[in-house]
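Each of the next two complexes has chain A plus one other chain: chain B in the first, chain C in the second.
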Partner chain A sequence: MTTAIEQIGRSGLHAVRASLDTLAFAFKILARMFDVRAYNSAVRMVLINQIYFTSVQILPLFLAVAVIFGAIVIGIIGQYLIHLGLFDYFGQLLMGFVVTEFAPFITVLLIALRSGSAVNAEIAVMKVNKELNTLHVFRIDEINYLFLPRILSGILSIVLLSSLFSIIVLASGLIFSSLLFDMSMNDYVTALLASAKFSDLIVMLIKCAIMGFFIVMIPIRYGMRATDELTSIPVSVLHGMVNVFIAIMIIEVVSLIVVSSISKFI
Partner chain B sequence: MALKTEWKVGLFIVLTVLLILAGLGYMAYKKGFFQPENAYNLSSRTGDGLSVGMPLFFSGFKIGKIVELELSDKGMVMIKISVPTQHAKWMRSDSKFVLEKPLIGSPKFMVITTNLKSSLLSANSVAVLTEVNDINDAIQKIQPILEQVAMITDNIERLTGSLADPEGDMSKILNHTQKLTGSLSSKKSILEMAVGDEKSVQAIHASLRNAQNITDQVGQLLKKTDEELYGKNGIIPLVIKILRELVTNLGKIGKTLDNVEKISSDTAESTKDLKLFRSEVDSTVNSLNRLINELDKKIPFKSEQKIKLP
Partner chain C sequence: MRLYSSEELLNRELCDIMAQEKHRLGLVSLDAPLISNLSVLSNIALIKQYHGGLTVPEAEDIAEMRLKKLHLEDIAAKRNSVLLEVQRFCAMILRAVMVEDAMVVIDRPFKIMPDLDDTHFIREVLTSVDDLFRECHIFDYLWNEERYTGGMIHGA
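Up next, the complex of A and B:
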């Protein structure tokens, strides 16, 4: 009994310590992010490459997913609203659900699955191959050269791709609502504008930036935890990705609380 | 390759940012963020229900919002509202500003303009905000009902008190009812209870029996009368037979009368001919008379006047 309680306590302490370490690492990265000296030409080059790998390469797939998901979601939402006699809430649901919740979530999932796992594996491999030690030897700051461009790329990619996803979904919604529900362009735009709030959009963008930060920072953190053994690479990726999903859920819940609090005050 | 990557990334960032800005700009334009606004001042007795950013409605449409709330030196709440220029036409000098506090839901701030020909509301003037409180109205409407309910409960209380009081009206009624039911249980019938005397009851029974005999006799009499009237050899069938024969005979008489009528019309025609003949004979006789007179005048020697008629 005592051993079991000790085990729970040990696990709890370990979880708290790990969370605090991750937060400390996050603050360290944040502090470096606002340091202008960190952005030399090499870092800028890595940043451009990371944005290219994270955002530009995924673009065709991402656009296709946005159009398909947009059509499906708008079709389902519209049908249900007509069925329930609540089609007046169509614009509100598009802005409140599709733009502020669905678009960031799908974007984050896609980027986390594609780039988060890649970054995690990349850092873990570098750790196993002792490339990080080599950087230390050459006095190259790993945070500036490796981590900062990837995290900045994650933030920028999520913010831009989420916004692009929302715009594409809303544009495809215009076509599909016209085809499926015989809704004119003017009615559609009026419904969207009536429901659109700048505060919601700003919260959405901030949420995207925070998610972008964590879905790259957490895999980097877990990649750094890899040992000298090759078998530690998949373990670090596994832990990293699980924690990324936990972080996404926590950020979603916190953002919902923040949005509801803001809407109470406004 | 590096240049190509940079170009692609740059294009992606620029296009996406432009799209986002265009979307936000369009939204801001449509929501009237770039429109010039007019400011107006209102005063209110209380700031309860008012808040900065609260929308101003006209005919159900949002046309402005509260931008500032402050307390004046006289203790009045000064409200500054902002209305886009395109909606300024609804703000007239005789417009009424109302804060409606519904029974359920949040307060609604609105302007009511009935006369669009009156002058525009000046930015320097201070209009008065009227408060329409559904809760207070509801309480005022409920107040008389509550008073009536209170009266009813008082009456109920008096009734229950009267019921509980052994000397009360209800107790007296119950006592009388008890006596009545006791008396009813000691009598043989309700009739005896009503008349109070057994001999009288027997007399009524005898009368009823006599009445029954009389009705029996009347029944027999009616049966006999019915037989004589409506029986096989009764009066009514005989009358019906006579009437039928009469109808047949009347039919025959009708035909005869028709013939007579025809004959009489023929006779009338003949009479017309006779009259003509008569007039002709009359004229002939007159002519002959005139001829004879002429002959008498011309032949005086003839002793015997003879005229040969045609």
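Up next, the complex of A and C:
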């Protein structure tokens, strides 16, 4: 019994320490993000490459997912609202659910699966190959050169792709609502505009930026934990991706609490 | 040329020199490999981009000229994994001499190029770029002494 309690305590302490380490690392990166001297030509080149890998290469898949998911979600929401006699709330559901919750979630999931795992593996491979040692020997700061461009690209990508996802879903909603529910373009736009809240959009963008930060920072952190062994690469990717998923859930829950608190306060 | 009787001794001395001369150190070692997701050209140009504040084209022009000096233009776009041992060594030398006022430290060259019998090739490479570095030190084991016969290299 005592051993079991000790074990729980040890695991708890380990989890708390790991979380504190991650937060300390996050603050270190944040501090560097606002240091203009960090952005030299080499860093800018990496940033441009990373934006291309994260935001541009994914576009065909992303656009297809946005159109398909958008059509499905709008179809299901519309059918249920008609069934319940609540079709007047169509606009509110689109803005409140699709734009502020669904779009960021799907975007974050896609980017985490594609780029988060790639960054985790890349950093772990560099660690195993002693390439991080090369940077150290040639006095190239790994935070500035490797981490900062990847994290910035994560933030920019999530914010921009999430906005693009919302626009595509709303645009496909225009087509599908007229096909499925005989809704005119005028009614659709009026319903959306009546439900649009500036504060919701701001909260969505902030949430996207925070998620973008963590879904790249956590894989970097776990990539750095790889040892000299090749076998440590899959282990670091596995742990990194599980923790990214946990972080996404935590940010979603915290953002919901914050939004509901703000709504009550207003 | 600095020869040591044990790995421990060699590593200790190497660490000392790396700590003392870190601002002008151009290390050529398997422990500081080329960055695998960059081409040879980008690996060489990176030093001037990061420390010299040069733009990508400016730094790559210099790197290209240096590759031409060793007649290695054809490996500019290649990555570390496809290079021959001697090409990898040359790329690491060119990266090392990109450091301002460089002190080139070659760590166990026969570990980088195990097929070499002597230092003839190393000397040839260093002579081709001897205007680009201030001094050069080679660290190796005492039992490789025979392979170093025939005079030593510039500055060492």
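Keep in mind that, in the parts below, the second predicted complex is superposed on the first by the 266 of 266 C-alpha atoms of A that agree within 3 Å, B and C clash if a C-alpha of one lies under 4 Å from a C-alpha of the other, contacts with A are read in each partner's own complex, and residues count from 1 in each chain.
Following the convention adopted for this analysis, a contact is a pair of C-beta atoms (placed from the backbone, for glycine too) under 8 Å apart; a residue touches a chain by one contact, two chains touch by 3 or more.
Everything numeric here is computed off the predicted structure, so don't read it as measured data.
A.B. asks: Touch check for A:Leu84: first (chain B), second (chain C), both, or neither?
C.D. replies: In the superposition, A:Leu84 touches no partner, neither chain B nor chain C.
A.B. asks: Which of the two partners, first being chain B and second being chain C, lies in contact with A:Asn133: first, second, both, or neither?
C.D. replies: It touches chain C, and chain B stays clear.
A.B. asks: Please work out whether A:Val36 is in contact with chain B alone, chain C alone, both, or neither, and reply first, second, both or neither.
C.D. replies: neither
A.B. asks: Is A:Val125 contacted by the first partner chain B, the second partner chain C, both or neither?
C.D. replies: It touches chain C, and chain B stays clear.
A.B. asks: Tell me the contact category for A:Met1 with respect to chain B and chain C: first, second, both or neither.
C.D. replies: neither
A.B. asks: Let me test your reading of the model: by the given contact rule, A:Tyr145 touches which partner, first (chain B), second (chain C), both or neither?
C.D. replies: A:Tyr145 contacts chain C only, not chain B.
A.B. asks: Could you give the residue numbers on chain A that contact chain B in one complex and chain C in the other?
C.D. replies: Touching chain B in the first complex and chain C in the second, residues 45 of chain A appear in both lists.
A.B. asks: Can you check the complex and tell me which residues of chain C touch chain A?
C.D. replies: Checking each residue of chain C against chain A gives 18, 22-23, 25, 27, 29-37, 46-47, 49-51, 53-56, 59, 95, 99.
A.B. asks: Spell out the part of chain A that touches chain B in their complex, as residue ranges.
C.D. replies: By the definition above, chain A touches chain B via 45, 48-49, 51-52, 55-56, 59, 156, 160-161, 163-164, 167, 189, 193, 196, 198, 201, 266.
A.B. asks: Mind pulling up the chain B residues that touch chain A in the complex?
C.D. replies: Going by the criterion above, the answer is residues 2, 5-6, 8-9, 12-13, 16-17, 19-20, 23-24, 27-28, 30-31, 53.
A.B. asks: Chain C touches which residues of chain A in the complex?
C.D. replies: For this pair, the touching residues of chain A are 40-43, 45, 122, 125-126, 129-131, 133-135, 137-140, 145.
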